[in-house]
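Down below are the structures I want you to see.
In the two complexes below, chain A is the common chain; its partner is chain B in one and chain C in the other.
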Partner chain A sequence: MPPSSIEIDAISKRFGRHQALNAMSLAVRAGEFMSILGPSGCGKSTLLRLIAGLDDPDSGEIRVAGQPGKRPGKRRLGDRGVAFVFQTYALYPNLSGYDNIAAPLVMRELNGFERLPGARLLPAVARKRRSIDSRVRAIAELLQVAPWLTRKPGQLSGGQRQRIALGRALVREPSLFLLDEPFANLDAALRHQTRAELTALQKRLGTTTLFVTHDQSEAMAMSDRVAVMFEGAIRQVATPDELYRNPVDLDVARFLSQPHLNCLPAKVILDGHVLIGGEHVALADARQPGTEGIVGFRPEHATLRPRPASATVPGTLPGVVERIEHAGADVFVFVRLLAPDTTCTIRAASHEMSRWAPGTPCAVALDAASGWFFPRRPMQTAALGRTEVAAA
Partner chain B sequence: MTTPASPRLKAQRRAGLLLTAPAIVALVLLVLLPSSAVIILSLTDYQLGNTQAAFVGFANYRTIAADPDFRHSVRNTLVFVGLVVPGSIIPGLLFALLIEGRTRFKSVYRTAFFLPVTATLVAMSTAWEVLLHPTFGLVNTLLFAAGADKLRFLSNPGIALYAIAGIGIWKQIGFNVVLFLAGLSTIPRELYEAASLDGAEGGWRRYLLVTGPALAPVMLFVTIITTIRAFSEFDTVAVLTDGGPVHSTSVVLFVLYEEAFRYLKIGTGSAIAVMFLMFIALLSLVQTRLAGRARHV
Partner chain C sequence: MSERLRSIAANAVLAGASLIMVLPFLWMAMASMAPQGEIFSGAIFLKPSLQAAWGNYAFAFSRAPLLRYMANGVIVCVAIIVCQVAIAAPAGYALAKLPFRGRPVVFAAIVLGLMIPIQVPAIPLYIGLAYAGLLDTYTGLVLPFIISGFAIFLFRQFFTSFPDDVIDAARLDGFSELSIVRRLMLPAAWPAVAAFAVFSFVANWNDLYWPLVVITRPEMMTPPLGLAAFRASGDSAGNVGALMAGGIVITLPLVIVFSTIQKQFIRGMAAPAAPAPAAPAPASQASASPAPSSR
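Our next item is the complex of A and B:
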């Protein structure tokens, strides 16, 4: 089937008192690989289930390839060209790998009589079975699962099961491919390998793919575009690069800067200049003098400079090295700022480690072009971490 | 060869023996000794109350095998089993599927179906006697209201066995429903969702793809239990029909009871008991073998 586009128009879904999706809209282009990224409980899995038709939205409309998904009367999920890979894989435990992959074809192309074991003897049924067999073999070849086809899911490892599940989803050439945290149960090495393979596979097949994950590195590595979700709504839809450079708000910035994002209360004093803890700091993103808000910057978007013990360096934030963490090529230096009284994490090359022993006075110099200024909104105050609130 | 672990191993064995001792003692006293006694008695002409008995070999077995009443009771038992096993398993499964599909009153249905299992059977049999009473019984009142003739359920030789089988089904169905419900609740929801996306949205297709295979172990257990219980039917017959009318409801265990405790012929009674025991043991063996195979395929 040709890849489908998806238009999601103001859908809402409520489970009891929990508003899982709140009038959210999203458009996915045909053939696109889009990740839905968000913390657990943000409604991303619910969204995927609604697109698949496993649940119905309370309001709003989902159009797959221009067709409204919600149909009156009996839904026939199997007839939509939607394939779904579950986090738990949901393989049929009593069927071999081969039969699991063949199941969607057998269920749709053979009727009850033709599925009987003996029906194979009829030439028409044998022809259908051969056609199914050739497609199952082709997918098995593509996913390199041929050696495991005779085994049951219980006899397969997590990674092998996951591939069988992918095979079952791909065998009927879906127009839309939905994956709900498919790598969550794999170990780190396998996750990286499968990540690359799935991306390559998607490029080759060109199937529209929606990939739900809470792992920002996964989303960044695989997607054409990433939709970031919080509290049942989409905050930002952008390419990974755009998302990295220009997060739309503090939540998005924080979520995409794991494990560390530095957040400092600040006030715009001039276009391009902010006041942080009494120091004037250049920041290109700062607009509208007088606005209060939060300056956010990543550990790699600032540099550490030496500082005389009882002096400050103009345009930088004075502090003292608190501790230092080795991370291979880099080190993370945790700096206690003098004002505001909070800790910043700065990345430095690991050969500089000896310069920044705990207790060393230092100055944090922000990269004016890379940091962000997020004007304070009432909603964001609540979203702030405890340290920033205390510091503010 | 001695290994450093061997004293520990010995201690472990001792502990194991100690821990299983109560079960072993109970098993010997309550199962093995009485069974052995029954086997020995079945080879004698012992009568209850006598002080001595003579060894008669397999004479008791030959007598029973030739006895038309016993043969008749075997036939009755087979009819009873043939009705109760499918009659309580298939509707039991259907009820379980219907209850599982509901969102409300699930526990109410579960309790209602399980009641017959917990109730005292003699009391329940009496309740059935009232329900099936030829003149004022509820069933006959309903039949009459529907324009049909009243039936003498328990005293018509042509119907009595079926009436008893109906009660047998009623007794067993709730137990099966509860077991099937327990089995159904272990099937992950995602499996059903995967099936619906794969084109098995519901009904028979979904049952064959997901529910049936997932329930297979439960189904086997239910079949074994139901079969053994049906073969062991006794109390309903004893309370309601006393084997009659004209032996039409006399099942194997009822004949055993009559031989041993009414006619006091312990020898022949024991012979029936031994044959019954061997048959049930064989049945269980076959079924567990099948179960083992089903699990490993």
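Our next item is the complex of A and C:
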């Protein structure tokens, strides 16, 4: 089937008192690989289930391939060209790997009579069975699962099950491919490998793909575009590069800068200048003098400079090294600022590690072009200090 | 040492209890092979003889159509089990997995129905079957039992733990609701089906009450009813050995059925949770999400 585009128009969904989706809109282009990125419980899995037709939105409309979609009823779900890969893989426990992959074809292309074991004797049925068999074999070849086809899911490892689940989704050549955290149960090495393979596969097949994840590195690495979701609504849709450079608000910046984003309360004093803890700091993103808000910057968007013990360096933030964390090629230096009284995380090259022993006075120099200024909104007053990983 | 003593004591108690359970059957087996005089001697352990055994079994088979009774029993029991599973599996699926208005009430009603013995609706059932002209037929024997609240309850318990994701995946793959039950749920619940089949078979095979109500023609009689008729007839008067031989013959199929699916039966009773291989526990997320690399 040709890849489908999706238009989601102001859909809402409520479960009891929990508003899972809140008048959410999103457009996905045909053939695009889009990730839905957000923290646990932000409604991203609900969104995927609505697109698949497994649930109905309370209001709003989802159009797949331009078709204004009333849900076709459970009976007809299988006729849509939608394939779904579940986090739990959802393989049929009593069927072999082969039968799992063949199931969508058998159920859609053979009727009840033709599925009977003896019906194979009829030439027409035998022909259909052969066609199914060749497609299952081709997919098994593509995903390199051929050796495990005779085993049941219970006898397969997590990675093997995951491939069988991918095979089951791909075998019917869907026009829309939905994946709900498909790598969450894989170990790190396997996850990276599968990630690369899936991206390559998607490029080759050109199927519109929606990929739900809470892992920002996964979303950034795989997607054409990423839709960031919070509290049942989309905050930003952008390419990974755009998202990295220009997050639309503090939540998005934080989520994409895990594990560390430095957040400091600040006030714009001139265009391109902010006041942080009494120091004037240059920041290109600062606009509208008088606005209060928060300056956010990544550990790699500031440098550490030496500072005399009882003096300050103009244009930088004075502090004292608190502790230091080794991260391979780099080190993260945790600096206690003098004002505001909070900790910043700065990245440094690991050979500089000896310079920044705990207790060393230092100055944090922001990269004026890369930091962000987020004007304070009524809701964000509490958000100060270094963020911790919020992923569940 | 005390450990060992305790084990011996426990085994002795169990052995004693087993003996009490087994003794009537053992006596039935011995009596079916013992001569008349031996049986009436009042001894607990009888001396069997080949000649007496032959005589007793031959008498039972010649005077009572035991094979016919057993064939009736098999037909009725199999028909009942097939209908019960065919009805209870979709019903259990609906109660376990399909939310609908009033589902708790329906489920409560089914559990409540388990407490009502057949004797309560016996007269309306009898009158209904009489009007339908179904007395003295297999249908009359089977029809009142095709809906089993116990089976619905048991299947519902098993199906509840079946993963919802698998059902959703099946729907997207084009399975109908009934094919989900038949192709996915029932195979996964096979131990429960086996356990239920044993229960159902034993209960219906041994049932005397309902056949007694609806059956009068000897050729329609089920094993217990046939045996009762054999005892009541003048033929067997005083021939306890032959009666016991009949008893052995009609008990044997149950022993065979149970011993063949004993393993599933115990599994089905011991673990009313679907043995479906669940996904591995989600790995810790925080451990493996490196920060995005800078450009």
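Note that in this section the second predicted complex is superposed on the first by the 376 of 392 C-alpha atoms of A that agree within 3 Å, B and C clash if a C-alpha of one lies under 4 Å from a C-alpha of the other, contacts with A are read in each partner's own complex, and residues count from 1 in each chain.
The definition used in the following text is that a contact is a pair of C-beta atoms (placed from the backbone, for glycine too) under 8 Å apart; a residue touches a chain by one contact, two chains touch by 3 or more.
It should be emphasised that the depicted structure is a prediction, and the values quoted were computed from it without experimental measurement.
When the two complexes are overlaid on chain A, chain B and chain C occupy overlapping space and clash.
When the two structures are aligned on the shared chain, A:Leu186 is found in touch with chain C, with no touch to chain B. When both complexes are overlaid on chain A, the residue A:Asn94 reaches chain B and chain C alike. Within the superposed three-chain model, A:Arg108 lies in touch with chain B and with chain C [touch as defined at top]. Of the two partner chains, neither chain B nor chain C is touched by A:Gln288.
Of the two partner chains placed around the shared chain by superposition, neither chain B nor chain C is touched by A:Ser131. By the touch criterion defined above, A:Phe86 lies against chain B and chain C together after alignment on the C-alpha atoms of chain A.
In the superposed model, more residues of chain A are touched by C than by the other of chain B and chain C.
Note: residues 52, 54, 74-75, 77-79, 82-84, 86, 88, 90-94, 103-104, 107-108, 168 of chain A belong to the chain B contact set and to the chain C contact set alike, using the contact criterion stated above.
Chain A contributes residues 52, 54, 74-79, 82-84, 86, 88, 90-95, 103-104, 107-108, 112, 115, 168 to its touches with chain B in the complex.
Residue ranges on chain C touching chain A, taken from their complex, read 163, 165-166, 168-177, 179, 183-184, 187-188, 275-283, 285-292, 294-295. Contact residues of chain A toward chain C in the complex are 49, 52, 54, 74-75, 77-80, 82-84, 86-94, 103-104, 107-108, 152-154, 158, 161, 168, 184-188, 191, 214-218, 220, 241, 244, 256-260, 298, 300, 347, 389, 391-392. Listed in rising order, the residues of chain B touching chain A in the complex are 188, 190-191, 193-201, 204-205, 208-210, 213-214, 216.
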